[in-house]
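Next up, some structures in C-alpha cells.
Two complexes are shown next, each including chain A; its partner changes from chain B in the first to chain C in the second.
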Partner chain A sequence: MSKLAELRNARWAPWMPAIIAVVAVALFPLFRPPLDATMSDVIQALAYVVMALGLNIVVGFAGLLDLGYVAFYAFGALAAGWFASDHFSKVNGGEGVHIGVSDFVQTAFPQGIHVSFLLIVIGAILVTALAGAVIGLPTLRLRGDYIAIVTLAFGEIISRFAANGDSVIIKGYALSNGRESISPIDQLNLPLVGEFDSATNLRFYFWTALALVLVVLFVNFRVRDSRLGRAWIALREDEVAAASMGVPLVRTKLTAYAIGATFGGIAGAFLGVYNNSVNANQFQFGISIFLLSMVILGGLGSIWGVVIGATLLSFVNTFLIPDVLDKGSFNDLLSNVGLDFTFGEVKFGVFGFILVLMMVLRPQGLLPERRRTAELTQGVGGDEAIVETRA
Partner chain B sequence: MWDFISKYGLIALLVAFPLTYAIIDVAGGEGLSRIGNNLVAGLSNGAIWALIALGYTLVYGIIELINFAHGEVFMIGSFTAFALYSVLGLTLVTGPLGLVLGLLVVLVLSMLVSGSLNVMIERVAYRPLRGAPKLAPLITAVGVSFILQNVGILWFGSSQKGIPDLIRAQQELFNIGGVEVSRADVLAVVVTIPLVYLLTAFVNRSRLGKAMRATAQDPEAARLMGINVDTTISVTFLLGGLLAGAAGLIYALYQTNVWYFQGFTAGLIAFTAAVMGGIGNLRGAVLGGLIIGIIQQISDNRIGNEWTPAVVFAYLVLIMVFRPQGLIGEETREAG
Partner chain C sequence: MSDESAVGTQQASSGSDAAAPSKLSVEGVSKIFGGLVAVDDVDFSIAPRSIVSIIGPNGAGKTTFFNMLTGLYKPSTGRIVFDGRDITGTRPDRITAFGVARTFQNIRLFSTMSAVENVMVGQHARMKGGMFSSILRTPGVRREEREVRERAREMLDYVGLRAAEFDQVSSNLSYGDQRRVEIARALASEPSLLLLDEPTAGMNPNESARLTEFMGKLRDERDLTILLIEHDMKVVMEVSQHITVLDHGEKIAEGLPQEIRENERVVEAYLGKSAGD
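After this line comes the complex of A and B, so read on.
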C-alpha cells in the first residue's frame, strides 16, 4: 500500500478538512491587529454557531420546532449580568461577593456579585437546562405546530419579563435593567490564564469563543451518534413507531430541549461578557428566527451545515449588510434608481426571505444531512409515512 | 371527566380575570362603571380580533396550517386603508356623506388588497410545500411574516405613525350608567356583525362553502368527488384575507395609528382567540376573539400594556396545554 493510500484510509482522514479549517481559524488572529473589526465579526459568528448548534439539536435532530430559543440566550446573558456586575449592589452588606476573580476586579468593583467566567458558564448551563426542560414539559402532549406556538409564547413571556424587568423588583433588586442595560460586566476571566480586556485586545476572546465552539461541536457529534441521538432521530421520523420500539418519549424529548437550551445559555453568557453589557431589549423574537434561518440554510440536522449556515448569516448581519450593501457604491447605485432605503432597516426581512427561499427551493439546506437527503429524495420517513398508515 | 374539568376550568379562568377587578373596584368603592368601560372597549377590540381569528381558523380548518403571516396581512390592510385616505382625499373636514362613501370604498379596497395578498402568499409559499412535512409550510409562514413586516417598514417607517382620526373615534355616542360607548365601539360592531354573518352564510349555504367543508373533512375524497381542491384552498385564503383587510381598516379608524409591528401582536392575540374557541370552528373564533378582547383590554388598563403580550401568551399556553380543543371544540380532521 502506498503512503498516500495509507493516509487516505486512516481513521482520522475524514476529519482532515475540519482539522485544517480549525487550525486556520485559530491562527487567524495572529495575522490581524488586536482590535480588528473582522476579528470581532468572527467572534460574533462563533457565538451564533454555538447557539445555532443548540437549536439544531431541538429542531434538526429531535424535529421539535422551537420558535422561542431566544429565551435561553436571555437566561445566559442575564446570568452574566447578575453574577459579573454591580447589579446586586447591596449584597453581603455592600461588601460584594467575589469568587475566583482577579485582584483588579476585587478592588475596582467592591460591590455586587463577581464570579469567574467558567462558573457563570456552568451556572448558565444548569439554569438553561432546567428552563429548557420546564418549557418542554407542557409541549409533550402537543402536535408539531402547537409545539412551535407554545415555545414561541414562552420565549415571548420570558423576553417580556426581561424587557420589563426594571419594574419587577424582588427584594430591592430589579430583575434586569430593561431598556437601560446592566453594565459594565466583568471582563473575561479564566483560571490559570488570566483576565483579558476587550478594549485593548480581542484575541483571547476569539480563542475562547473558538474553544466554546469546539467543545459544543464535540458534544454535538458524540451525542448525535449515541443512543440518545439515534432516539431523537427516530422520534423525528415517526413518533409512534419510535415509541413502540421502546424509545422513552418524555425523557428523550426533554433531554433534547435541555441540551439544546444549554448551548443558548453558554453563548448568552459569553456574549454578555463580550459585549460588556446586557440589554434586555435585544431578546426579541427576531433572534429566534435569525437562528432558525441559520439552521435551515445550513441544513436541518446537519452539524457542519449549521456551522456554515450560522457563519454565513452572521457575516451577512455584521459585515455584508452594514459594510457592503449599505455603504459606498452599492448604496449609491440603489439611491440612483430611486430605492432610498438601507438593508440594515430590513435585515429581518432578508432572513425571512432566506427562510422561504430555502424551504421552497432547497429544503435540505446547503450541506444536507445524509439521512435527510434520503428522506427527501426517496420519500423515506417523514409525515407521509404516518398519513399512509392512518389511511 | 377531564373534558368537563378542562372546559369549566378554562371558563372559570377566563371569568376570574374580569371578576377579580370588578370585586377590587366594588371593594374600593369605585362602583362598576370602570369595569363596564373595560368590557365595552374589550368587546369592540375583540370584534377586530374576531375578524382576524376567523382567517386563522378558516385556513387551519382546511389545510391544518397556522398561517403565521396572517397578522401581517391584517397589518397591510391597515396600511392600505391609511394610504387610501390621502388618495381619496379623506380628511378631518370631509362631510359626513363623503366620509361614509369614502370609507366604504376604502373598506372594499383594503379588503381586496389583503384578500389577494393572502391568496398570493398561499400560491408562492404554501402550495409548493403541500406534500412536505407539516413543519415546512409553518417555517415559510414565519419567513413570509418577516418579509411583510419589513415591507411595512419600507412603506411607513419603523416607528408608530399617527393617522387622522376621521370618525372622531373616542367621541361618546351614549352613556349607560357611567359606561361610555364611543363611536369606534359602535363602528367595530356594526362592520363586524354583517361580515361574520356573510361569511357563515357563505360557508354554510353556497356551493363553494360546501366544497370548503368537504375539503376540510377529507381533501382526497373531496378531489375524487370532483372538487377542485386548489381553487377551494385559494378561496379559503381569499376569505380570510378579506376579513383581515376589514379588520385593518377598523383598527386604523379605532386606534388612529398604524405600525409595522401591529400585525405580529394582533396575529398572536387572534391566534389565541382561534385556539380558545376551538381551531377550525367559526363560531368559536368569534367567541374567542370577543373574550380575548376583554382580557387584553383589562390587562392594558389595569396591569399596563407592556405586560399584555405576556398575559395573552400565558392564556395561550394554558389553553394549548390543558384544553387544546378550545371552548367549543375543534372541527378539524383529527378531531373528527
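After this line comes the complex of A and C, so read on.
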C-alpha cells in the first residue's frame, strides 16, 4: 500500500500517462508490416505534431497570430532538397560533397551535396530560426490582425519563391525546381544506426518522427516553464504591463518566432526526406491554416492539447476523409441522394466545419491550457454574471 | 522656478531635499497628443527615501507623466534623469532594470497567470536564465527558478496576500488582492523608485488606511522612494512629504502638505471641487 502511495507521489508520477502513451506508440510498428498505410498515416501525423507545437509557441504562448507558418515547412524541406540530393550538381568540381552518408549514396550519387540527416536538421534549424526572426521584425510594431496579414504575406512570398525558384538562378543553381521536384532526396541516414529506404521499410522513419516529437515536446515544456516562457505568456496577456515589468518586447517576440520556426524547419526536413522529393505544391497556404486549426482544436497554448489536435486533424486528413467518408457505404449513401462530390474535394470545408463546431461546443479546445480553463469558466474577477453568459 | 531659487537658501524643509542628489529629476517635460498638451513643461524632482504625491483633477496628465517616467511614452520635450542617468526615451524594460517599478491605475495583471507567476514575471529583469540553459535546465537555472519562486511567495506574503491565494489565477482574486499582487509584482523587480497610480482606488477607508501605513513601511524597511498618484486626500495628506499639483498638464503648485492645503489655486482647481460634492 505504501509502495503504491510512494509511486503516486514520485516526481514523474504526473508523467505516467504520457510515458505509457509514448511507449505504446513506439511499439506500434512492431505489430505492423514494415510497409503499412496506417504507419505512414501516423508518421504524417507525427510530423504535423512537430509543426503544430512550433506554431503553438508563436500563437499559443506569445499570442502572435501567424498565418504564414508554411514558410518554415518550406525552408526545412528545401534544406533537405539542397543538402541531400544532387541539386548542386557541379559543386566541388562535380565530385560532390559527402558527409556522414553511406557508401551506397557516395557511389550512386557522386554529384551534389549529401549530408547525414542530423546535419540536414541542424541546417534547417539555422535557416528557419533566421527566417523566423526575419518575419518577426516587420511585425514588431503591429498588433493582432495586422500581424496576421504580414505573416500571411510572408508565407505567400516564400511559397511563391519556392514555386518560381526554378527561374531564380544564383551562381548557376536554381533556388528550387519549382513545381517540379527536387528528387530523389537521400534516404534517412542516421549516424550509428544506418540508412533506411522508405520504399521497403517505414519503421525507422516512424521512430525518427517519434524521436523528433519527443525532442520538440521536451524543449516545449522546458521553455514554457522558464523565464522566457513566462515572458511570452505575460506578453500575450498584456504587452504594456510586460514591458513595464522588465520584459524586453523585441527580443522576447523574436525568440518566439525563431523557436517556433525551427520546429517547422525540423518537420520540413524530415518530410522532405520521407517524401523523397521537394516541390512547391507541398507548400500551400492551406497548410498554415490546417496547422492553426490543429492548435485551436487542441487548445491554444496547451502542449498536450496541441498534440491531440494535430493527431486528430491529421487523421481526418489521411484516413477519415479518403478511407471512410469517400469510400463504401457512406459515399454510396451520398450518391443515392444525388450528392455527387467527394469529401476529398471539400477537405478544407470539413476542417472548417470541425472548427466551427469546436467554437460552439468547446471554445477552449479539447484539452485547454490550465489557465485558459480558469479564464473561460470562472470569468473575470469572480464575476458571476460572466459565468452565466458563458454557459 | 521661483520655488527652486528659494529652496537652496532659506526653507529648512526643502533645503534638505536640495542637499541630497535627487532620486529623480525631470526638466521641462511635455507630452503632446495631436493638439492636446497632456503634460506641459513640468519640472519636478524627488529626494531619495521620500514619499511624494502627485495630485490633480481628472485628465490633469498624471498618468501620462508616469508613462513618460517609465518609458511607455517618449516625452515631446524635456529630460528625465534617474539616479544621475538620463533615461529620456529609454525602453521601459531597461528603465525597470535601472530600478523604477510601477503599478497601474486600471489593474494590469497577467490575468491567466497565478499570483505567484505574476510576481515571478516581475523579477524578469533580475534573472539571468537564457533559452539554452533553460532547455538544458542547468543547475544554475534550477536554483534561480527555485529562488525566484520563493521570493515571489515572500513578496506576496509581505504585501499581505493570504497563502491560500498564492496559486489562484489572478483574475479570480478580489479587487483588493489584485492591487496587492500588483504591488508585489512591482516590488519583485527590486526597484529603488516605486510609482503607484491611484493604489487606493476602489478600496474602503479601512483598506486605504492599511495601505497608507504600508507605504511608510516600504520606505523605511526597503529604502524606497515612492511617487504616488492619489485622489484620496486623507491618504495624500497623511503619507506625503511633498506634494505636486498638476492641472491641465501644468504644474500649478508644489510644497509641503500644509502649504498645498492652503494654496488658493489648488483649492480652486482641485480641493474646492471635490469638497463641493
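Going forward, the second predicted complex is superposed on the first by the 373 of 391 C-alpha atoms of A that agree within 3 Å, B and C clash if a C-alpha of one lies under 4 Å from a C-alpha of the other, contacts with A are read in each partner's own complex, and residues count from 1 in each chain.
The working rule: contacts are C-beta pairs under 8 Å (C-beta built on N, C-alpha and C of every residue); 3 or more make two chains touch, one makes a residue touch a chain.
This structure is a prediction, so every number in the text was calculated from the model and none was measured.
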Touched partner set for A:Asn164, first chain B, second chain C, both or neither: first
First (chain B), second (chain C), both or neither touched by A:Pro110: neither
First (chain B), second (chain C), both or neither touched by A:Leu249: second
First (chain B), second (chain C), both or neither touched by A:Gly100: neither
First, second, both or neither for A:Phe353, with chain B first and chain C second: first
Larger contact residue set on chain A - chain B or chain C: B
Which superposed partner A:Ala234 touches (first chain B, second chain C, both, neither): second
First (chain B), second (chain C), both or neither touched by A:Pro322: neither
Set of chain A residues, in rising order, touched by both chain B and chain C: 382
Interfacial residue positions of chain C with respect to chain A in the complex: 70-72, 91-94, 96-97, 101-102, 104, 108-113, 117, 120-122, 124-127, 129-131, 134-137, 141, 144-145, 148, 169, 171-175, 178, 185-186, 189
Interface residues, chain B side, partner chain A - complex: 64-66, 124-125, 128-129, 131-140, 142-147, 149-151, 153-154, 158, 220, 264, 268, 271, 306-307, 309-310, 313-314, 316-317, 320-321, 324, 334
Residues of chain A that touch chain B when the two form their complex: 63, 65, 67, 138-139, 141-146, 148-150, 152-154, 156-157, 160-161, 163-164, 285-286, 289, 292-293, 296, 341, 345-346, 348-356, 359-360, 363, 382-384, 391
Interface residues, chain A side, partner chain C - complex: 218-219, 222-223, 225-231, 233-234, 237-238, 240-249, 255, 259, 369, 371-372, 374-375, 378-382
